[in-house]
Amino acid sequence: MNALRRRLLQGAAALAAAALTPLAALAATWNKEAFGAKSAGEALKNIGAPDAAPSGDVVIDAPEIAENGAVVPIEITSNVPGTRSIVMVIEKNPFPLTAKFDFLEGALPYVKVNVKMGETSDIRVIAEANGKRYAATKNIKVTIGGCGG
Amino acid sequence: MRALLVGLLAVSFAASAQDAKKEIQKYQQMIASGSPAELFELEGETLWKKPQGPRNVSLDKCDLGKGPGVLKGAYAALPRYFKDAERVMDLETRLLYCMTTLQGRSREEATKRVFGNENEPSEMEYLSAYVAGQSRGVKMAPGTSHPKEKEAYALGRALFFHRAGAWDFSCASCHGEEGKRIRMQDLPVLSEAKYARPVMSTWPAYRVSNSQFKTMQWRINDCYRQMRMPEPSFASEATVAMNMYLAVNARGEPYRGPGTKR
Amino acid sequence: MSRLFLLSLVFLAAKATAEPSANDVTKVLQRDFHPRGQATMDRVVQDGLQRVCTETHDKPPADVAKALEADQMKTVVYPQGSLMGDWKRGEKMAQDGRGSMWSDKAGAPAGASCYNCHQLSPKEMSYGTIGPSLAGFGKKRGNGADVQKYVYAKIYNAKAYNACSQMPRLGYAGTLSEEQIKDLTALLLDPASPVNQ
Amino acid sequence: MAAGPMKMRANLGQGFTDIRVLMTHPMETGQRKDSEGKLVPMHFIQNLTVKVNGKTVIEAQTSQAVSRNPVFSFRLKGGAKGDKIEVSWLDNKGETNKTEAAVA
């Protein structure tokens, strides 16, 4: 069963939502295989962004130490001209693939988002431009904050 | 040679401790610039205007000290003495007063769930976010002239240094000495203006560690929990006095909240 | 109006805003706090040590401090045999900040909260600084019988060595068991413990 | 908070438009236990769409690893005051929400 059909079969709430939702949003795809992958390599392969050589043009701005893994702010900028997408994986999360952003005409390849990290891990970002891929990695330490009670 | 090595090690250790501090500060800045706190202000505004209770009226005639329904700068002037209630009140205590007097709700019903959770924040939390947000940019000026206000400050100060409980703690056990921290968190010396100002001007706040919006009453409550004390009663004189002590220590600081905390 | 009456008015006004005594504060706590879970109301009643530390802002006169410390030392109960337990259990406990709060299950083993205030294993980067660093504690002092006794007693009742220390009396307060304090002693003194690496 | 209100700000910057959007959503991972020890079922935003004056400019797929009550910042090329920005999301339960703002 494809994702769209399953979604349509999800009952009244979904149907009601569907009636109000523009067709574009309803038809949106969510790559189940990639998001369900348990290794970063597999996830990247499934999302169509297999690992690439590091590039200084992809910049991850994030604190090196996060006081709390529940909210880790990550800012990603691609300075590669013609960047069409940015894929982000958190290597040590149970499901590493975190997000894929497609930038169409009019958008700059930039995003800032808060993510969850189960433990200290590398964050890996792959930007795609003109059929080529460019990678960046940053290690973020997740610490224990507060009194722990 | 050995001394040099030890010296170098010490230097690199100090450097890494400095780096860690810098990175933690960066973490705090980054979470503050992407905070969901505003969502709580939005919900709070809806609740403020929603008719409730046996009288089916909203809170928009509630007098927070600046006159009925005046919100601008009201939070920054709390706690203060209220003649109608004949006592000093902080924001939540006053909200509770309005719920019982204006909306005709029972104290029991209105305080049934004062602290919410991540799935269901409390009415007090939403309302605090909204009301506090209406004081952004206003200098904090809690009441300091009425004898009851002076009394509240003095009691708050005494509470701050009072050691009790299973672990012999006072507030000052953790917040009494400069340059100390718990785990990675710097501990503000809340008896001093320099430290009280940035703290008090950003509460109430969204806490990222549990995705919840938290109020000052909660902050004080949770400190006493971790001090291994029994639980302070909501809106009690002791909690308002503590709030008063901290707010007076921070007076003059422009309010910048609701903030975002670890 | 008599002068005496006026004077007493002034006196009353001054008294109204004077610092409440420890006794006054206790009465406020008894009125404004309520028991919850294991945090019962007897906790708001100060013992002599808490009272003296409150009244002197933690700086009691030397002779008073000495007497208090001697008094606290009498509360320490040493177990039979070795005072060194299992440092691995000790490390786990040192990381754990729970215990004795109203939110903790009564009777469940408590943590020791060590890292909240102390550096211990140099590998743990998240440590507090309210207490001194204990990294390399055993390496510097060895683990002879006297050192073991000192560490055990310090954890059992920190006030036996420093009357108004901010460290809880973990054994005396009933937070940690004899077995647990032995494990913590091992964490500080066992040559294999990460604290001594 | 369950899935609920959104808030957005869009401001003209130096040659680009800065968008910041807040969403109320639990972003449940399916691995968290509630206070009774029961697993809370997965519930998270899977798709995000950003439109400018009706034209889609960003499409995103997201996982449960995005933090609860998500906050996203995006940037658009150029832009003008009054441009209408619309952000919508769709989650794994088929719930959806959207918000609009004019560039200030």
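All chains are identified by letter, namely A, B, C and D, in their written order; residue positions are counted from 1 within each chain.
The rule we apply is simple: contacts are C-beta pairs under 8 Å (C-beta built on N, C-alpha and C of every residue); 3 or more make two chains touch, one makes a residue touch a chain.
Since we're looking at a predicted model, the values are computed, not measured.
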Requested in this report: By the contact definition above, name the pair with the higher C-beta contact count: A-B or B-C.
Outcome: B-C
Report summary line: Per the C-alpha centroid definition, the whole-Å distance linking chain A and chain B comes out as 35
Report task. Would you mind pulling out the distance in Å between where the CA atoms of chain B average out and where those of chain C do? Result -> 26
**Report entry** Approximate Å spacing (C-alpha centroids) for the pair chain C, chain D
**Finding:** 47
Query raised in the report: Where in chain D do residues touch two or more other chains at once?
Result: 67-68, 70-71, 73
**Report entry** Residues of chain C touching at least two other chains
**Finding:** 101, 103, 115-116, 125-126
**Report entry** Two or more partner chains touched - positions in chain B
**Finding:** 20, 34, 182-184, 208, 211, 225-226
Report task. Determine which chains touch and list them pairwise. Result -> A-B, A-C, A-D, B-C, B-D
Requested in this report: In the complex, go through chain B and note every residue touching chain C.
Outcome: 20, 147, 150-151, 153-155, 157-159, 161-170, 172-174, 177, 179-184, 187, 224-226, 228-233, 236-239, 241
Requested in this report: Spell out the residues on chain A that touch chain B in their complex, using ranges where they run on.
Outcome: 62-68, 70-73, 75, 112-114, 143-149
Query - Complex interface listing, chain B residues touching chain A - result: 19-20, 23-24, 26-28, 30-31, 33-34, 182-185, 208-211, 225-226, 262
**Report entry** Contact footprint of chain B on chain D as seen in their complex
**Finding:** 1-2, 4-7, 20, 22-24, 26, 67-71, 73
Query - chain D partner contacts - residues on chain A that touch it in the complex - result: 7, 10-11, 13-14, 17-18, 20-22, 24-26, 28-31, 35, 70-72, 75, 90, 93-95, 97-108, 110-117
